[in-house]
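Input: a single structure, listed below in structure tokens.
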Amino acid sequence: MGVILERLPGAVKGVPGAGVVLTTADVFIDWSRKYSLWPVTFGLACCAIEMMAAYASRFDFDRMGVMPRPSPRQADVMIIAGTVVKKMAEPIIRIYHQMPEPRFVISMGSCANCGGPYYDSYSVVKGVDRIIPVDVYVAGCPPRPEALFYAVLKLQEKVQKMRISKGAGATPQAEKGPRNVAA
Amino acid sequence: MSELYPKPVFSKKAGRLLKTRLWPTERWASPWSQPQYRRSAGMLAGIIFGILLVGVVVGELSKWGDLLYRLLLTGTAWLHQTLPAYGAPAGFLGDAADITWISFKVIVIVAVINLNGLWAVWWERKLSAHMQSRLGPMYAGGFHGWAQTALDAVKLLLKEDARPADADGAVHRLAPVVVIVPAVLAFAPVLFGKELAAAKLDVGALYVLAVSGVSVIGIVMAGWASNNKFSLLGGLRSAAQVVSYEIPRIFAVVPVLMFVGSLDLAVIDQAQQGYWWGFFPRWFVFWFPAGPLAFLLFLIASLAETNRVPFDIPEAESELVAGFMTEYSGMKWALFFLAEYAYVLLACFMLSVFFLGGGAAPLPFLAIVPSWIWMLAKALAMMFLFMWLRWTLPRFRVDQLMDFNWKFLLPWSFACVGLAGIMLLWI
Amino acid sequence: MSKVDAFPGGKFDQLFVNLGPQHPSTHGVLRVGLTLEGEVITKAEPDIGYLHRGTSKLAEARGYHQCVALTDRWDYVSAMPNNLALCLAAEKLLGVEIPPRAQHLRVVMCELNRIASHLLFLGTYGIDLGAFTPFLHAFREREMILDLYEMLCGARLTYNYIRIGGVMADISPEWASKTGEFLGFFKPRMKEYDDLLSFNPIFLARTQGVGLISKEAAVDWGLSGPNLRGSGVDYDVRKSDPYSGYDRFDFSVPLGKAGSCWDRYYCRALEMRQSVRIVEAALAGLPEGDIVAKGVAKTVKPPPGEAYAHVEASRGDLGIYLVSDGGPSPYRLHVRAPSFVNLAILQEMLVGCKVADVVAILGSIDIVLGETDR
Amino acid sequence: MNIESLVADLAAKVPGVVLAADPSYVKSYPTMRLSSAAYLLPAASFLKERGFDYLEIITAVDWLGPVSPEGYTRGGRNPHPFSAPEAPALVAVKNPAAAYKPAFDMLWCLANIPARARLLLRLEIPREDPAVPSLTGLFKAADWQEREVFDLLGVRFEGHPNLKKILTPDFLQGHPLRKDYVHVKDRYDE
């Protein structure tokens, strides 16, 4: 199916009315991606407790279709909830590469944004954006679940703006065929 | 929102801020004092009443539907006989009509399975949410997240198909197909109402139980081909579990077959029509003592066959990440999911056909509602039971699971057959 | 798996399974390397350090008051006892006397936090064993406690409420009444958890008689908290080395009998009841007075010396060894983290167990990785 | 339990062991100083026989002097976070009152659970190639705690079955809690 996404913009190029086809497809694709952002069950530190609270009864992220999946293969979003330690950096990169495209990263909390209270520690990576690309940053130590809620809304806004004519979801890796991800 | 978080009011008399926020204890003290609870209750009553009304109306219409069905049958038969007489190649048009008719049935069944996947996942998410004092999907599509699973499906279709580098490519690709195809095939003789089935098979009961056992091969293939230890463990556990629970499951059906004397699902359904003393339904679940026992055994074994909690060892989230599905992404994973829910639906239909009277109404005067509505209602009630158990119970350990099967279920299923034999002396 | 080389040692009967660091039931970023022979574990190697943030080193470049903020992030599930431990050690160095009202407030906050922490354990242990609903029910109650904390000090997890010399803020009458309401709401809920999880036959079958720790082994490995008491050893810092006026309260220490996973689980469930008792008694007999001791400056410079203070945190005996050289920041800060010490027994305990029991055992030890790695 | 009688018993049982009350004791707990590393094992096994079978902590203090600023990585924006004028200088400040010396001070805390007593043992070892006997044979709780001290301070525990890094990543060089630790930039520090 990813193939269709990649081929569609090329195939309809020059055809009159192609733009309408593409934008109509965009509406449905973005709508579905927006309401089905599944994060990996993956917590690092204090923020993970707030992330759990966000899935639990009072904040209930299931309302927006955010449903945690244990395996990165079935996930769309990775919420980096907590301090990224140098020893953990390697597994994080690996999990990121195990996720299928399109994938998003939310950096939750000061530690994941920039090192937070551990800005001068010898064993902390000063910001997860040094190792993987980040879509949304959430400030706070730890951020309240409402802040994470706002981050998901922001991510939905970002997804809404994706256009298949600009290569949304069709990634360089997908064009080359199945990725060589050692598991 | 305004009800939950009212504006702060400063009271000069008390010298402090009055309640700024409704404390949960206050909110739950008396639900009936809250307007949203009254609204919800009203809505629920309306939905139930509406379904009944529609059922009655459709029940009137269904007579015309039966007429249409009979017309189609006679039409096909007529084509078979008459067309060759007019010089057409022997049987050509008749075959064409058959093929069209069969394709139509296949499309209906595939649609049923797909719609069931969409509906059941949404229902399960809403149901679990309400059991856990949450709301579940709310925003997708507007009203109570009705579009949630449809959107999930579209997203999954468009996900990248990631495959581990060291995976056994062909087997990895084939496994979801091997899982989903038997799920579709098994629906062929399933009764959706009185005599409403895609294929009329004399050995319907046997066919369903046999074909649904094939899927385990796909699960083992998935576990093996993923080149992941968790997948392998999940696949092997699933194979062991499904194969062993097959035995008590089939033995639990034997009493029903003994009562009826036929493997045809329509005959089984027919045998449960009618009422004792004019009002008490003659469903097999009420044929004490073998009937209720067989029902329980079949229910438990079905839970295990469909890998639901408390028997969801193969995909135990906290132990094996996602079991045999760990390395599957996008639509391949969705196919596994779809097959799981198709089997749940199949088990629910089997439960209602074998034990709950199929399309029979629970009380004589309710027979005005058509049989397919009763069938569906019973199947959905069973599905509710499945979900209720899923969100209540913890999970067995794998050796306890096997113990439970071989030391508890299997002896009792034998006993059940014996009881049925004794009962047959009086019936 | 398709190659023979995939098995270590080239033997077919040995399988190496890597549990974590990203795994739904390792409660964070723990990695356990399991060597299996069939279903039986022959070797287990816990690998920690995936959350090592170097707090001890950082403390040497922070002021004492700043260090209190660092302690919040060790055991982020129950941060109040962490604050308290550091403050007790620093107060010993300074030699200040804490006003009784502040001591009572510290006790109230620590016990409420113990309830919150045990609720989280209860919920996640249910998830480990496949029961999802108790988790959400437990979080419902936990949110109420977090609401109380938010009302008190503005934070939900990292409170920084207990300060050197006292506490940060006094409670309002409204807070006390809300807490009373919460306790009234919470007491019947504990019965609900018992019905839903504790005495569920499947739950009992999975946890009773599993992961046994004998009395001797528990003491030998230096376990503490409910893990030690689950084995029947009567050791509670609140009783054996009372601090912050715990000797003024009447409560009992629940003990397990067999030392199985279920004993450890139920010890925590019973401890919640005792915590409710303590909170009620402390709020009823709350003395009037100051909440901060006189003479604690903004930049604390304790005289040179060493102090050791330990508290009964939610996970066990949390000890702080603090050395001062007379400077504005601690010269050395050592933490005896209960999770760190408790986790060490895993390498011995898992050997000989079935692989299906790993999750039940790991969950029952109730670790927090922030504290394990610090 | 009377600590003085305990110490007298120990001196009578194991001759040569000197266990003296420490003048700079750890606040509010009886602290004894061992005169030599060789006496650690006899003393600990004697105490274990007398009911002190719960090993609470093992730790060490580096008495070299104030911590060196090179042990910290600096934030990207502010190269000298400690040199802000209003912030008190927290590192590399020698305090004249403190007794700095090139030595490690080891600390063991043993507890007697039924008697509700605890006793702290201390031992001074030189900073060059520091080594003490391991207590893993007596207390299993010593296993990870000794590994931690080894990892962070570089004290070798002789006789430890599995003495390797436990907390810090493999590529980290040096022992971070030593006062003269200098942080070597690795691939995650730009």
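For reference, chains read A, B, C and D in written order, and residue numbers begin at 1 within each chain.
Just so it is clear, a contact is a pair of C-beta atoms (placed from the backbone, for glycine too) under 8 Å apart; a residue touches a chain by one contact, two chains touch by 3 or more.
Keep in mind the model is a prediction, meaning the values are calculated, not measured.
Participant: Where the centres are mean C-alpha positions, what is the separation of subunit C from subunit D, in Å?
Facilitator: Roughly 24 Å, centre to centre.
Participant: With chain centres taken as the means of their Cα atoms, state the distance from subunit A to subunit C in Å.
Facilitator: Centre-to-centre distance between subunit A and subunit C: 32 Å.
Participant: Taking the mean of the C-alpha atoms as each chain's centre, how many Å separate subunit B from subunit D?
Facilitator: Roughly 63 Å separates the two chain centres.
Participant: Approximately how many whole Å separate the CA-defined centres of subunit B and subunit C?
Facilitator: 43
Participant: Out of subunit B, which residues touch more than one other chain, so two or more?
Facilitator: Residues 132-134, 166, 227-228, 317, 321.
Participant: In subunit D, which residues are in touch with two or more of the other chains?
Facilitator: 71-72, 168-169, 176, 181
Participant: What residues in subunit A touch two or more of the other chains?
Facilitator: Only 41, 56-57, 70, 85, 87, 120-123 qualify.
Participant: Graph shape for the chains shown, where an edge means the two chains touch. Line, ring, star, complete, or other?
Facilitator: Graph shape, chains as nodes and touching pairs as edges: none of the named types, so other.
Participant: Could you please write down every pair of chains that are in touch?
Facilitator: Pairs satisfying the touch definition: A-B, A-C, A-D, B-C, C-D.
Participant: Spell out the part of subunit B that touches subunit A in their complex, as residue ranges.
Facilitator: Contacts found on subunit B: 125, 129, 132-141, 145, 147-148, 150-167, 226-228, 317, 321-322, 325-331, 333.
Participant: State the interface residues of subunit A toward subunit D in the complex, per the touch definition above.
Facilitator: Subunit A reaches subunit D through residues 85-87, 89, 114-115, 119-123, 125-126, 130-131.
Participant: Touching subunit A in the complex: which residues of subunit C?
Facilitator: 21-24, 28-29, 49-54, 57-58, 61, 69-70, 72-73, 76-77, 120, 135-137, 139-140, 142-143, 146, 156-158, 369-370, 373
Participant: Where on subunit A does subunit C make contact in their complex?
Facilitator: Answer in residue numbers: 40-46, 48-50, 52-53, 56-58, 70, 72, 82-83, 85, 87-88, 91, 95, 117-118, 120-124, 141-142, 144.
Participant: Touching residues of subunit C toward subunit B in the complex: what are they?
Facilitator: 1-2, 15, 17-18, 23-25, 39, 126-133, 136-137, 140, 144, 172-174, 178, 181-182, 184-185, 196-197, 200, 202-203, 205-206, 354-360
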